[in-house]
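The first chain written gets the first letter, and so on, giving A, B, C and D; residue counts start at 1 in each chain.
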Amino acid sequence: MRFLILGGDSRNIMLAQCLAHAGHNVQMSGLGNDSENQTPIIVKIKEAINSYDYIVGPLPFTIDGENLHMPLSKDTVKLNDLIDVFTGNKVLIAGKIPVNFTEKLIENDIAVYDYLDRDEMSILNSIPTAEGAIQIAMEELPITIHGVNALVLGYGKTGKTLAGKLHALGANTYVCARKSVDFALCEVNNLYSTDYKKVDSIIQNMDVIFNTVPAIVLDSTRLSHVRRDCLIIDLASKPGGCDFDYAKENGIKIIHALSLPGKVAPITAANILYKVIEHIIDERS
Amino acid sequence: MRFLILGGDSRNIMLAQCLAHAGHNVQMSGLGNDSENQTPIIVKIKEAINSYDYIVGPLPFTIDGENLHMPLSKDTVKLNDLIDVFTGNKVLIAGKIPVNFTEKLIENDIAVYDYLDRDEMSILNSIPTAEGAIQIAMEELPITIHGVNALVLGYGKTGKTLAGKLHALGANTYVCARKSVDFALCEVNNLYSTDYKKVDSIIQNMDVIFNTVPAIVLDSTRLSHVRRDCLIIDLASKPGGCDFDYAKENGIKIIHALSLPGKVAPITAANILYKVIEHIIDERS
Amino acid sequence: MRFLILGGDSRNIMLAQCLAHAGHNVQMSGLGNDSENQTPIIVKIKEAINSYDYIVGPLPFTIDGENLHMPLSKDTVKLNDLIDVFTGNKVLIAGKIPVNFTEKLIENDIAVYDYLDRDEMSILNSIPTAEGAIQIAMEELPITIHGVNALVLGYGKTGKTLAGKLHALGANTYVCARKSVDFALCEVNNLYSTDYKKVDSIIQNMDVIFNTVPAIVLDSTRLSHVRRDCLIIDLASKPGGCDFDYAKENGIKIIHALSLPGKVAPITAANILYKVIEHIIDERS
Amino acid sequence: MRFLILGGDSRNIMLAQCLAHAGHNVQMSGLGNDSENQTPIIVKIKEAINSYDYIVGPLPFTIDGENLHMPLSKDTVKLNDLIDVFTGNKVLIAGKIPVNFTEKLIENDIAVYDYLDRDEMSILNSIPTAEGAIQIAMEELPITIHGVNALVLGYGKTGKTLAGKLHALGANTYVCARKSVDFALCEVNNLYSTDYKKVDSIIQNMDVIFNTVPAIVLDSTRLSHVRRDCLIIDLASKPGGCDFDYAKENGIKIIHALSLPGKVAPITAANILYKVIEHIIDERS
C-alpha cells in the first residue's frame, strides 16, 4: 500500500516507520521534513495525492477548527483547501475529524475513518494507560504494588486492563462498579468488587485509588474516608473525577494523569495507530 | 425476604439452601417435598402466595408450553392456573418464561425477571462451562493442558473465560475471532488471535479445539485440516458448530458438551442463580 | 545419536517415538516388538550393542531385583547377563537402577544416569501430577475449582506446581508448610500460607485438601476438623499421608492418587523422559 | 515482646513502627531520637538492657568494623563496648554482623541472628527488587512492558521473582540459566529458557535485559549482539555483571541498580525485616 502521512506530532513519524517497516510505501508531509522556502505543502500534496491510496492525518485532526494540526512544521494547511485536494478513490484515516469536514469528504467519495470511532483503539490504549498508572504508583508509593490494597473506580476498558495488571502484580485489587455484569466479570477475573454504596466502607483501607470514571466519583464525602497516606491517581479526562479543592485542603495527594500512552510509551502509542490501520486495511480487502 | 421456590430440578433445591443459608425465609413447593394424596399444589400455592415476596420458578419455566417444569414432583401445575394465583405485589424470577405468560403477569402488576435476560448469568455460567470443558480435555487427552496447543473458536462470554483459564494453565492459547475489538482484547489478555480466514493455516498444529460459536464454523473444509489425534470439544448449543458427519467418517473425535454447569458443578450452578437473585434484590431496593 | 530402548512399559515406546521424531536413530528391544521363537533378546542385544551410543532402560529398572522390568515382552533378561553385555564407551539411562548394578557398570566404564537422581525430572513430573490432581478434584467436587477453598499440604516440587495452578484457576489457595523460606515463597507467589500449628483453625473451611507430604500429616486429630463434604486427594507415595482408617469410619472421602503422570498424560510422561535425556546429552557434549 | 532498636538507618525507624503496631513494646536508641548533650548512648543502653528481650541492630551492623552503623545519630557506639553490655538471656538480630563479634556474643550466651543468613529475607527482598527493576524499565523504555522482549540472566531468587512479574505483565520473557532444574522450573512457570551457549542467538531481539548474576555474563562479546535501543538493567551487586567500558564506548545504555528495596519501597523493606523477626520469634517459641 502507498501511504501519505500528513501532519501530526512525533507519533506520526514513528507510525511512518512502522508502516515502512511492514513493507508499505510511505511518504511524510508536514512533519518538519519538507525543505523550507519552497512550494507550499498544499501544492505539493495536490501534485502527489494521486500516488497514494491512504492518507493518514493527525490525532487530533485540528486544534483550532481551521488548520490541520501540524506542530512539527512551520507551514500551515487549511482544512478548506484540503477538501479540494482529497479526490478520487482515497482513504483518510485520522483522529477527531470535524463532522462537517467528514461529510464533505464523503460527498467527494473519500472513505473516512476516525480513530475515535474504533473501539479497539481505546482497548489497545488501555495497555499503556494502565502501565503508566502503575508506573506512577510505583514511583510515588513507599510500598510495593505487590501486597498493596488498590481500588479501581470504574470497570470500563481502562479499568479492566488496569485491574488485571494490578492483580497480576500481586495487589489486593478491588473494583468499584455499577452494573451486575461488571460484578460477574470481576468474579471471572478473580477481582474483589463492590458498588458505589458499599465502597465507602473499604476506602479507608486503600493504599492507592485509581479513578477511570469521567464524573465526580471522588467527591468530598468519599474523599473524607481516604487515608492521608493513600495515593489517588485520576485517569479520567478533564476535568477528572475528583474534588481537587477538597483534596488539596485536606492534604490528600491526587495525580491527574492524562494522555499516558504518548508520555510513557510513545513507540507503543504509534504502534497502536499502526495496528488500527492494519485492521482497516484488512476490513477493506 | 420471603421466598417460594416453585418447581424446577435439583438446582432449585440447592438454590433454596443458598437462600436459607443467607438468612432468607424459604419455602419449597413442587420439588417432591409436598406430601402426597392431599390438597393439589395449586390450591396450596393459592393459599400461601400472600406470605411470599418472591416466587422463584424453574429454568426452563416449561417444557411443553402448558405445564410448569416440575420433574421432581408427581403433581402438575398448569401455567393458566398460575396466572390467577400470581396477584398482588409479587416478584417472579425464573428462566425462559413464555412471552405471553410474562405479558399477562405484567398486566397483573407482577414484576417478572427472566434469568436469560441477565447477562451476568451467562458470564457467571461461563466459569463452570470453561472448567467443564477443560475437565473433558484433561480426561480425553494423553497430554497435559500445560504446553498444549489449544484453539478457541469465538470470543464471546464463554470464549473469553475459557481462553483465560487455558492460558492460566499454561496452554498455548489461540483465539479465532471476527471483530477487531476482539483482537485488541486478546492482545490485552496475552492471547494469540487469528481470524477465520487465517485460522486454517494453524489448525493442523492444534491438539485441542474448543468451539463456542453457534454456527457451522468447523465445516468439512476446516475439519480436513484437523489432525486425527486432535480433540474437538463443541460447546455451542444444539445443533452445534461442527459437521459431525464428516468428522465421524474421517475419524475425528468431537465431544458435544452441553449444559456443563449443572453437570460438572451443580452446587456452583445453583449458587449462580442465587447470585443473580441477590443482584435483582439489590436493584429493587 | 543412536539409541537402544530396552524394556520398560508403553512409556518407553512413546519415548522411542519422541527420540526418533527428534532425528535420532532409535531401536527398540524387549517392548513386545521382537519376533517370537527366535534368538533370545540377550543374544541379539549382545550382537547389536556396539551400534548404539545410548541404552535407555526402564523405570523402574527391575521389580524383583533379578530381571530387567520388561512387562510388554514374553522374554526375560537377567541383570547379571546384562553386565557382560554393557561394554565399551556406552551410556545407560534408566530409573531406580540397583546400586550394586550401577557400581559394576561404572567399573566397566559405562556412564550411568538414573532418572531418580535428576531433580528436573521430578519438577517436570509435577506438571502432570498437579493437573491430574486438579482433574480428580474437578470430577469429584460439585463445585468449580474457581472460588473453591483449597489447601495444599507441603510446598515441595509438587506442592509448588499444584498451588500455582490452583491459584491460576481462581481457587482460594492455602499452603501449609514448615520452613520460613516457604512462607516467603508463598508470599512471592500470592498464596496464603500457614504452618502445621495454625492449619487446624482453617481446615474446616476447606472444600478440598491436597496432601503432598510423605508422612501422616492428616492424622485423626486433623481429620476431625475436616468437613464431611470436603474432598481429600493424597498424592504422597505409599503408604500416603492420611489416617485412612479414621477417614473411612468417619465418612471422609480420600482419594489416594499415585503415579498420575503415566495415568493422566502418558505422552507427556514419555516426553519428560525425552527432555531429561536431551539434558544429559547436552551435559555430555 | 520488648524490643530495643539500636542504630541503623530510617528502615529501623519504620521497623520500630511495624513492631509497635503489632503490639510489641519498642524502644529506639541511636536513631537520632536520643536527646543531645546527655548520658552517652552506651551508658543508657547498659542501664536499659535488662528491660528488653530482643535487641535489633542495623543492617549492615558496622561499616568501619569498629563502630555500630548509626548514621542518624551524632553519638557513636564502639562494638567492643557493646560486648560487655550484651549479657543475660538476650537475642540480637542484625545484618552482616562481624564473625568475631558474633562469636564473642555466643560465648556470652547471647542468641545471634543475622539477616543475611535468612534465605527468606532475600526471597522477600526479591519482590521490591523486581518491582524496582520493572519501574526503571517502565521509566526508560519508549515501549510498554506488555509485549516487550525481555531477557533475565540468572534464575536465582531475584531472577525467579522478576521473570514471574514480567510474564504476569505480558512481556515475552526469556530466562538464561545453567542448570537443568532451572530449565524445568522455567517450563513449570511458562517461561522461555535458554542457556549461556544459545543466548547469543536471541540477544539481538531483546528490548530489555536484566542481569542478576554476580559475574561478568555481559562481556564485550555478548554486548556486541545487543541492539543500541536495548536497555540493560544490572541488578548484580558491585562490581556488577557487565563490561561497562565496552558498553559506554558502544552507546549501550546500562543502569546499575543497587539496593532497590530501600530506594523504591522503604516501608516494604522495613516490613520485610519485621517479617523475618516474626519468623525468628515463632521459631524460638
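Here is the rule we go by: a contact is a pair of C-beta atoms (placed from the backbone, for glycine too) under 8 Å apart; a residue touches a chain by one contact, two chains touch by 3 or more.
Note that the structure is predicted; figures quoted are calculated from it, not measured.
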Steps needed, at minimum, to go from chain A to chain D via contacts: 1
Over half shared or under half: which fits the residue numbers at the contact of copies chain C and chain D, same or different? same
What whole-Å value do you get for the distance between chain B and chain D if each is reduced to the mean of its CA atoms? 51
Roughly how far is chain A from chain B, going centre to centre by Cα mean, in whole Å? 37
Two or more other chains in contact with one residue: find those residues in chain A. 127, 147, 170, 187
Going by the contact rule set out above, which residues of chain C touch chain B in the complex? 127-128, 131-132, 134-135, 138-139, 141-147, 165, 168-170, 264-268, 271
In the complex, chain D residues that touch chain C: 118-121, 123-124, 126-127, 160-161, 164, 180-181, 183-185, 187-189, 195, 275-276, 279, 282-283
